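Think of it as A, B, C, D, E and F in the order they're written, each chain with its own count starting at 1.
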């Protein structure tokens, strides 16, 4: 069974199986299990921080080295498309939540902000999936993450009447665009990788490239523990929120893949744009929303993004979006 | 000197030399030296935690991948044997301590609990030793560690009249069986490795397999510092405790090797069962015993297990048990 | 452009370019950028500690393995030369600062202590530079760092009238010689590497050798943040201090290279002795000086060593000293 | 002088510190803490632990800090605060 | 209200916190600490640092906590505790 | 008894602790802290955070500690200290 070559012909079910039994996803489940059996396993904060710094920088560096090797046309078009898409997503999420779901304005805007932004870990898992499938993709995709992290949050916050003291929040939000650590490491890594070139990066490949998938496993073990701590809130979340958190990613993912196709991205690139659109933030968005919309309930937006959408995308969404992109690209 | 091939013919002295001059053991000595010269070298807690999570998960994953490749018969027999052995060890340790050593009941039971349980780090060092010797062993051995960690503690605690509030302790002890982090990571790693298979694990080998021995060095540097901080208590420990902590491992190790032989384990497997039997816990046992038998003196049980038996097994015991297993298996 | 072979003929400008565009130095700049854009990127303390332990131990181990392979004559001569040079540097730094710069005695001595001691990170960057250039060097150079860390501090402290309570400081300073963690890990690593031999170290190369350059990148990212936090003090530092912190390294570097040449070191070795002489401590020295000369202003000595000399050596100094050594050795 | 102790979820800690200094505190000391209270709202566990902020101030400043906390933070954020008099070494520096 | 501070070796911290809540505390705050005392018994260094547990409670609860600590922990475990009155913001929530 | 709290830059913390014990404290508890004050001198950020040292002592010892701090540390080092009375469980052990 030589799946490295024949994956083009794989059914969605086969893709699903392949994803669920990859070490990365199995480690996520292991983390979930740790919470369920109430293990005393715990990642010290410094380990969590260290692993994220490594992953973000490594993915940036790799992208930069790839970019330096081949000037890629269409870069600006794709970045603009990502930005617009991120900004647009809250425009349909908010009404759905507000009028179909009957959430109060703050809660609707808060959830919309999370789905307008992106999840870096879901992005990393998508890249790992592409690598396992030997599917090529554009080197500059990490820049796409950076571009899509903030606009959706900003737009969603504009949808509710501004509370007092929000000027301060706007300044902070803007600053996040340039200086938030995930954006900074991704873009910084891209620059360093581009300037050093493939030749220069060879010297550090043994640290930044070879162990990448293994480090991601460790990180997803922790993410499994974090996400599953939200499962307890699921019962109180209500059916509407659960359905929203399962279907909205599918819609956003399809839009993203289609947009990628229109922008002439490779199949892998369109898949990644889809994953980013489908993913919901649980790092930048919660922190910003907590300050900007203190009356919104963290239990609602974190349960949706972290407790439902994140595990869904990781396990089922990624192979699904990949199958969809294959169908669109006719492979 | 092609020791990789000719080790079958090695004398015990040669094995000893080989072990003492391996980087792993030298790093342990370096840690001891750090304490002796009162260096300000200190491992932050998060680093210690991070290294143990890595080592436990890695050894589990590797074992699981090995298991997936070849269904191993005899698994259940060996696990049962390990469990019974762990539970039985306190039955001879306690009387020796209580009547020969004249320890008070709480102290005798506390020490017996430590020798009934196992030391994960000693196990890791034994595996690293087998790898350096190119000696094969069964893939499921990490499960043996999980099975042997708790029974000895439980039996030892039964040997003294139960103090007030011990119901609570029993619940906690039982929970430790399923959810303690060393057991959880070892077993969890085994499952993940089995499900992902050798093929799947290849992608993460650069992180979980290649650097393993090096990470173990770093960890043993820290363990050298931790163990040697106990040396100060040696003088107060009394001669009987020192002799006990040196001879009891030999007895338990021999019993373990013999039992492995009866269960039809490979030579490497029997050696590992011997090492586990010979080793004394210094993580699960102290925490449980501190709560269950607060009147027992930590100075006694930690000095014996961590200050004497652990360094003894690491340096002298491992090559000795290996030689013994060779003699029994007639190589 | 096969620079690996033709570097002998490289111009200083080419060397400079090569250094500035290496991933290690680019990561340093990235750290500087993180401070400038006020990113929330932050290395947890445990990560910083973990990375330094790794780097120090790894460089020691590698040196020890190299030493075990070839007994190197001249070792003691070189170590003696390094010790004398370190002790001598404050003798010309102090008068320059005191009478040309008109600093008060405590401040002059404090700065002199920093330039008499060495910067381990600059040393690591120099080694990484040599490896990238495929330029050979003596295996025992890590011992040189150990030998040169303390004498300069001791001599500089002797230059001012001893304040009350300084007896205590002398004891502490002496103890630092033997037990300070950077010295301890470098020397300890050398011993372990020598005893384990090249054969033994092979097993741990995947952890201690292959990822080294990458880990150094991560570390320099943090150092970039730390150093640039000092840039704010530059304005208050005064022109004299800035000029001193740029020219004194050049003088000391040249003296070091010359001394290395007299001691019959290889070109790479002389270059490293030059780098050590040129570098200014910002770990051992500040801590000692803060206690021994509390009246000296940290703003002065840290701005000079960490805010100016360290970035200067890292970016411009290293290729410059390498070119200089090439000129002296006639390549 | 009065020592005021404030325990706040991480997300508002920076902001509270700015407020403190604006209201007249000459300094503060902060440690990481973990805890449980009666409300239990928190944005996210890995945004960081609670912060325990301590400041030694003149009694009038303590009053102002208390008022400010009640007005701006108590409704939506996990914040508690308490105070008691302390004797300080060289009190003049807390102006 | 009374602020009670308890410093305890890591192994009993969870247990003491459970006891606190049972005895009527509405919350607690915990930080990691390192220390030395007169007894120096401790199970193991890497089991973790001391825990410093602080709770703001009604004086009667403070009494009960003190009594409980003396009875259950003082003999065998490394535990110390002290208390003093504090003024709290909106004291009603500490029930 | 009196609880003395000392916040000091890392570089002098060990030394202050030795002094405390010499002056009659029977123990101490230390946590890592971060802070800002009016002087802002500090040797180096990564030398370590501030240390917050707490010790429960007899009032006379507290006096002696205060005097000692003023004399030996206040001029050149970033150190503050304050104290207040506390009620302790089994006060006899703080001798």
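Rule of thumb we're sticking to: contacts are C-beta pairs under 8 Å (C-beta built on N, C-alpha and C of every residue); 3 or more make two chains touch, one makes a residue touch a chain.
Only a predicted model underlies this, so the values are computations on that prediction, with no experimental measurement involved.
If you take chain B and chain C together, the chains in touch with both are A. Because chain A and chain B carry the same sequence, their contact can be compared by residue number, and under half of the numbers here are used by both. Each chain's centre was taken as the mean of its CA atoms, and the one lying most distant from chain D is B. Comparing the centres of all chains, each the average of its CA atoms, the largest separation from chain A belongs to F. Comparing chain pairs A-D and E-F, the larger number of C-beta contacts belongs to E-F. Note: centroid distance chain A to chain E, computed from Cα atoms, is 42 Å. Note: centroid distance chain B to chain D, computed from Cα atoms, is 47 Å.
Computed centre separation for the pair chain A/chain C is 41 angstrom, with centres defined by C-alpha atoms. Annotation: 35 Å between the Cα-based centres of chain B and chain E.
Within chain D, contacts with two or more other chains are made by residues 31, 84. In chain A, the residues touching two or more other chains are 44-47, 50, 211.
Per the contact rule defined earlier, chains pair up in contact as A-B, A-C, A-D, B-C, B-E, C-F, D-E, D-F, E-F.
Note for the complex: chain E touches chain F at residues 5, 7, 31-38, 50, 52, 66, 69-70, 74, 80-84.
On the chain E side of its complex with chain B, the touching residues are 11-12, 15, 41-49, 72, 75-77.
Looking at the complex, you find that chain C touches chain B at residues 44-47, 49-50, 53-54, 57, 61, 175, 178-181, 184-185, 188-189, 191-192, 195-197, 200-201, 203-208, 211. On the side of chain B, the complex with chain E involves touching residues 45, 48, 165, 226, 229, 282-283, 286-287, 289-291, 294-295, 297-299, 302, 306. Within the complex, the chain B residues that touch chain C are 21-23, 26-27, 30, 33-34, 37-47, 50, 132, 210-215, 217-218, 221.
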